[in-house]
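Presented sequentially are two complexes of subunit A, the first with subunit B as partner and the second with subunit C.
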Partner chain A sequence: MSAGRLAGFVRSGAAASVAVRTAAALAAAVAVGGLALMIAGLDPVDAYRAVLDEAVGSSFGIRSSLLQALPITITALGVALAFRAGLFNLGGEGQIYAGALAAVLVALQARGLPFPVLVPLMLVFGAVAGGLWGGIAGVLRARLGLSEIITTILLNFVAFWMVSYLVRGPIQDPGGAGYPYTEKVVDGARLPVIGDTVPAGVLVLAAVAIGAWALLERSVVGVRLKDVGEGPSAAAFAGWRIDRQVILALVIAGALGGLAGAVELSGNQHRVSDFFTPGWGFDALAVALIGRGTIAGSVAAGVFFGGLRSGIDGAQTSVAVPESVGQIVQGTAVLFLIVANADVAVRWARRIRQPGHGRHHARTA
Partner chain B sequence: MHALLDILTSGALYAAGIRLAVPVFLAALGELVAERGGLVNVGLEGMMLAGAFGGVLGSYLFDDPWLGVITGVVLAVVVAAIQAGVAVSLAGDQIVTGIALNIAVLGATSFMARTVWTDGNVPQVEGFDPWAVPGLSSLPGIGDVVFGQGALVYLAAALGAVLWWVLTRTDWGLRLRACGEDPRAADSLGIRVIAMRWQATLICGALAGLGGVFISLGDIFTFSDGMSGGRGFIALAIVIIARWSPSHLVPAALLFGVCEALALRAQVTSADLPYELLLALPYVLTLAVYAGLVGRTLPPAALGRPYVRR
Partner chain C sequence: MPVLARMSGIVKRFDDVVANDGVTVEFSAGEIHVLLGENGAGKTTLMNVLYGLSRPDEGNIELGGRPAEIHGPLHAMRLGVGMVHQHPLLVGRLTVAENLRLGGVGDGTADGLRAAVAEVTRVIPLDIDPARRVEDLPLSQRQRLELVRCLARGVRLLILDEPTAVLTPAEVERLFTELRSLTTQGRGVVLITHKLSEVAEVAQRVTVLRGGRSLGTTLAGERSLAELSDLMVGRQVPAVSHRGAGAVGTAPRLRLRGARVGDENGRCELDDVTLEVHPGEIVCVVGVEGNGQRALADVCFGRRPVAAGSVELDGAILPPVGEWRRRGVRLGRVPEDRRHEGLVLDAPLWRNLLLGPMAPPSRFLLHRRRALRRARRLLTEYEVRPADPHALAAALSGGNQQKVVLARELSGEPGAVVAVNPTRGLDVGAQHDVHLRLARLRDDGVALLVISTDLDETLALADRIAVLYRGRLAGPYPADEAGRDLLGRLMAGLGPGESEPPGAGVSAVAA
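== the complex of A and B ==
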């Protein structure tokens, strides 16, 4: 894995051209999703209109969309930070489980604490648990050279089966008729919804986004992470300890995944089950890639895909849009984005426009 | 403890272990071919999933498991062709391409299952029952374990032998490895690097697809969302554990298979053991072996780097 190329994928071209290419890739992916809907016998325009209506057509819809967007986007910001350091965090699912588990344990143990103490405590413990879980992959990468692409995925399954065991055994809801979940946390452990529309978790997201931006663009830590992302030689030349940056990047990524799990637990589901995340960790991965590892891009893409997930969910009753359309759109959007940014593709296009001159523009790979 | 000993000494454990090792072995074999050519194929999981879905689809539509095999392999090769088009021809980032394909295939197979079968109620289809090799299966001790398997197990073993020979003993294998070590030099010697990497990627897709078919048609004869269950990533780890050597893939895959078989058996025989923790075991073991055996590994020098002709 050469990390230098990664940076090339992250920032190629001027801001305007990046926005245009991303929008084009998203539009193409939405069209592929529409094609799938047609194959399923639906009118794609009607179906998408129903999805849009469910996602943003009412204050309930907006609230649901934001609730979906929160875990995806908070996790995605962690994925984005790791991505800038040249690392792929495929472990969002496991980190979300780790964070939710820690948060629910805090809430069940300290249920008497007042809201202003309990909720921050849950969020902190969630972030710490996620950070530790992500840190395992960081240490394995930094000390033994194990690919984080493989270890983070394997750790997802370990986290899932551990939670699955716990919610069927030690921390199962005693009054839950045998369902695989914990009891619900007390009111004092719940993040409220402001004015019926805006979940309070949005404030957490805003703080995380500003913090992540400041870390990346205004701190020496950000400089180090990005240097590592430019490639080991660049970081070594600057004098950074690469192993420490690698561990730090995956700890931060894991912490944000864990925080996302805690926010979701406190602000929405109120209990942990072994169907707690419907795949937000992978949504977050696609979102961070589509956002090209930038904070603003990840937030924008996260809100978009949160809305899409919520809209599809809401439309189930009226138009029955399969949930998986969201994943099809995400995956193809990333593919189109790669194509739109591939040097080779750009050169091909140039060669077609200016026959005979293409070769002069060829950049060294 | 006594129960565990009983399980460990039963031939049925190792018979199941071989069966469960086969999908991972086939996918790892494919990955090895791709990586020897310089392409790291993170989309392996998606290709396995496409194969698992295609196997059930084909067997359902044509009422013949062998046509399921063909359907599954074809679907996986289509996924591999996208990987090759984006990551080889367009020199896009190999890892990002693979990640994107995994997500898209997870969505697409789930979507198609709901489109073909209303409400996603995937039926039971014709699969591969064990077939005892005449004569050999009655050998005392190992007869039943090794020679009482489904037809795809023998096919996997044969493919392993063939690919070992192709990679290490043929001109094509030598050229492929050149593309993985130093594509620029290979190109200057007249080897068509892009074409070689396309071939390797498609072979990888076919093998991963066959492995995927085996997950669905070799065991439970139906499809469920995401049923590849991370085996593509376990196969990625196994290639590294086996240090890019086809023959080393066998013990690495068998270790995983026996461990998974152990988890499944213990679940049935010892109700007091929490089965969820047993099911986490294959993943923990893969991590542990990966961490313990990684040592000094030498990946192909140009692994992961797209080749752009100048």
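== the complex of A and C ==
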């Protein structure tokens, strides 16, 4: 955003009102979450202090927070890009599985390769696998007019059960006593943690964020994606190939989901199981929405989300916050933040029903 | 015959658009009253008010001589007013019988429903299996179902919104016969249409609407079809004439040769149209809306192929718009729907000025600084208010939005420009600006094709004028030779030399 545009944004009061609404949402979430904590017999001040402490109070805490934030945020950037093209990518879960699966296969097949070759190879394969997975929904949308909202969700099940089968048979860890997971990848396939605090995946996230921003704000393709998202009829009239833009947007979104899976595999879990993602694909949706579809907003929301998750997880052990209450506190925060950004949510939801975006334009384009 | 409904001084606004501007009209029992006007004239809006779908901002309604406030369609039906919409308001997943019951026909029992339907279908046969799902029915049968539903509720005043659009000629014939027999039962019928031939065929009374105002009600025989056509499209004395010195050069720049376009039902939208536009002239194609304008525009815009014949620019076949940039096609396009096709409303002006094949080429990188500089220059040159490249297109007035479209389409040194109703919905000042721009372009040697439903605009701008009627083109005639009378007759589907025949003659032409 240029200085002039930023100035206009601020002048219009939009930035101020978003900031005020976000602050109000957080305050409301703290209050309602506090109530839940009190009902559970906990001192809310102690509990919140523990959450904060666990999230950012130590280098271990920061590391856990960032590790939680990475897959959510990288996937969310893909969701945000698709949003801008007027598309809803609800397939984060499946894309994460596809990416993690591809990455683990590479790591298992090529375990002898040195780290500087093997890890990039895993990330690339993860992104390609996720991109193909997202691309299926893109092609179905562009050629047949099938809603990507439906197909991306259904592809989640396909990916999950595929992984579930593989980790119980063909690629199950032979020494794993029958657990449904693969063996751990070798050291040379692992993204390290820099200085005990910052996972190297953060560098990947930074690269992705800059790349996504450049695509949206500084490339011809990005402008066309936004044209398609904001004015499908005008984009078709202009001669933009709507079908191509739709496929491209979902391929990119899927690639980022796949990359998120590969980063998580290489930097944290080191193996694939059928409980690999606890729902990051859907968290990413909330994050992209709270980030108002912007790159910077999604990164900020994603990091906050990671911190919240890891802080609440930590507080469950340190001050014995019951898991259910932790979930309530977390859910409340997400809900209030979405309400604070309801204008975006409504605008996007309206786009789903925009006549003509889809089958018709795929044909006329 | 008694007056069934009287609407006086009806005003209906949508944001800053006045859809009905003080309309007064009354509908009587026992006659078919045609509400004639172009699309956007306010016909449907007015009838939606009478049917209770929308509330008037000003004005009164009387039903059967008593003031009435209509709270909604169900209330309107109870008061005796029913409406059959262009897109019938039925529940697709339910059966014919269920829709009838849902519409309040009968007393809720199967027998009551049967009795109520039987009563009506003696006059208007339903011919549809009541167990079929509505979504499986063609549009014509859905319309019939809604008609029966209205009548079975005992409606006294029946409004039909462009019912013939989805019917074959034989079905139209049947419908008209049935409507006539309804009037002999003492019911009143209001028929919304923009087709003059229907006036000749069924109207006992005609009210012409234009720009949200009523231009008066007359008996059907009192005005000739040519007069009605003039009233419909507007007959003010043009303020300025923008005639040019005539075409320069001999080779046509834009040329249609035997162009034919068919719609999905195999009907012909554009039938063997041949037209040449030379550099330095404005050719206007005028006609009442719905006579093939959209198809003509679409083939020139490169968004629809011709089924036969060709569209050529500078002697080469015009490719689909997606290939224009690569092939270096320079043809300016001013679409009819500027809000949706001409502009991305949620995008800033600088991005809107990059839309389309004629914007400065750039393959991968967006030269943002250059794009902003260009936007500032164009916005100033075309006097757009505000001249701020970061302003969203949605925030501009209609006139300024059109200026943005023109800035984009006219600034790329196009060899030819095709514009559809370029001044529709603009105020007089903005209209003048647009006409001036187009005239100046003509003087610079550009070939312009203006497709318009506005006769005044046509007479003010054109060097040559052609008339589109039912997909066929008459002319072009030199503007000096094409008077209002000739054009009016052609727009009504009469031959250039024919005097106007009585109603029967017109329906023969229509068939």
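Throughout what follows, the second predicted complex is superposed on the first by the 282 of 365 C-alpha atoms of A that agree within 3 Å, B and C clash if a C-alpha of one lies under 4 Å from a C-alpha of the other, contacts with A are read in each partner's own complex, and residues count from 1 in each chain.
Heads up, the rule we're going with is that a residue touches a chain if its C-beta (ideal position, glycine included) is under 8 Å from a C-beta of that chain, and two chains touch if they have at least 3 such contacts.
Every value quoted in this text rests on a predicted model; they were computed, and no experiment measured them.
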According to the stated criteria, A:D227 is in contact with first (subunit B), second (subunit C), both, or neither; which is it? second
By residue count, which of the two partners contacts subunit A more extensively, subunit B or subunit C? B
Is A:S219 touching the first partner subunit B, the second partner subunit C, both, or neither of them? second
Considering only the touch criterion stated at the top, classify A:Q327 as touching first (subunit B), second (subunit C), both, or neither. first
Which of subunit B and subunit C A:F237 touches, first, second, both or neither: second
Residues on subunit A lying within both footprints (that of subunit B and that of subunit C): 2, 5, 364-365
Touching residues on subunit A, where the partner in the complex is subunit B: 1-2, 5-6, 9, 36, 39-41, 88, 90, 140, 144-147, 149-151, 153-158, 160-162, 164-165, 168-169, 279, 282, 285-286, 289, 322-332, 334-335, 338-339, 341-345, 362, 364-365
Residue numbers of subunit A touching subunit C in their complex, please. 2, 4-5, 8, 217-223, 226-227, 230-231, 233-241, 364-365
Would you pull the subunit B residues touching subunit A in the complex into a rising list? 40, 42, 82, 86, 89-93, 95-97, 99-108, 110-111, 114-115, 225, 229-230, 233-234, 236-237, 240, 274, 276-277, 279-280, 283-284, 286-287, 290-291, 294, 304-308, 310
Report the residues of subunit C in contact with subunit A in the complex, numbered from low to high. 301-304, 320-325, 333, 335, 337, 340-347, 351, 354-357, 362-366, 368, 390
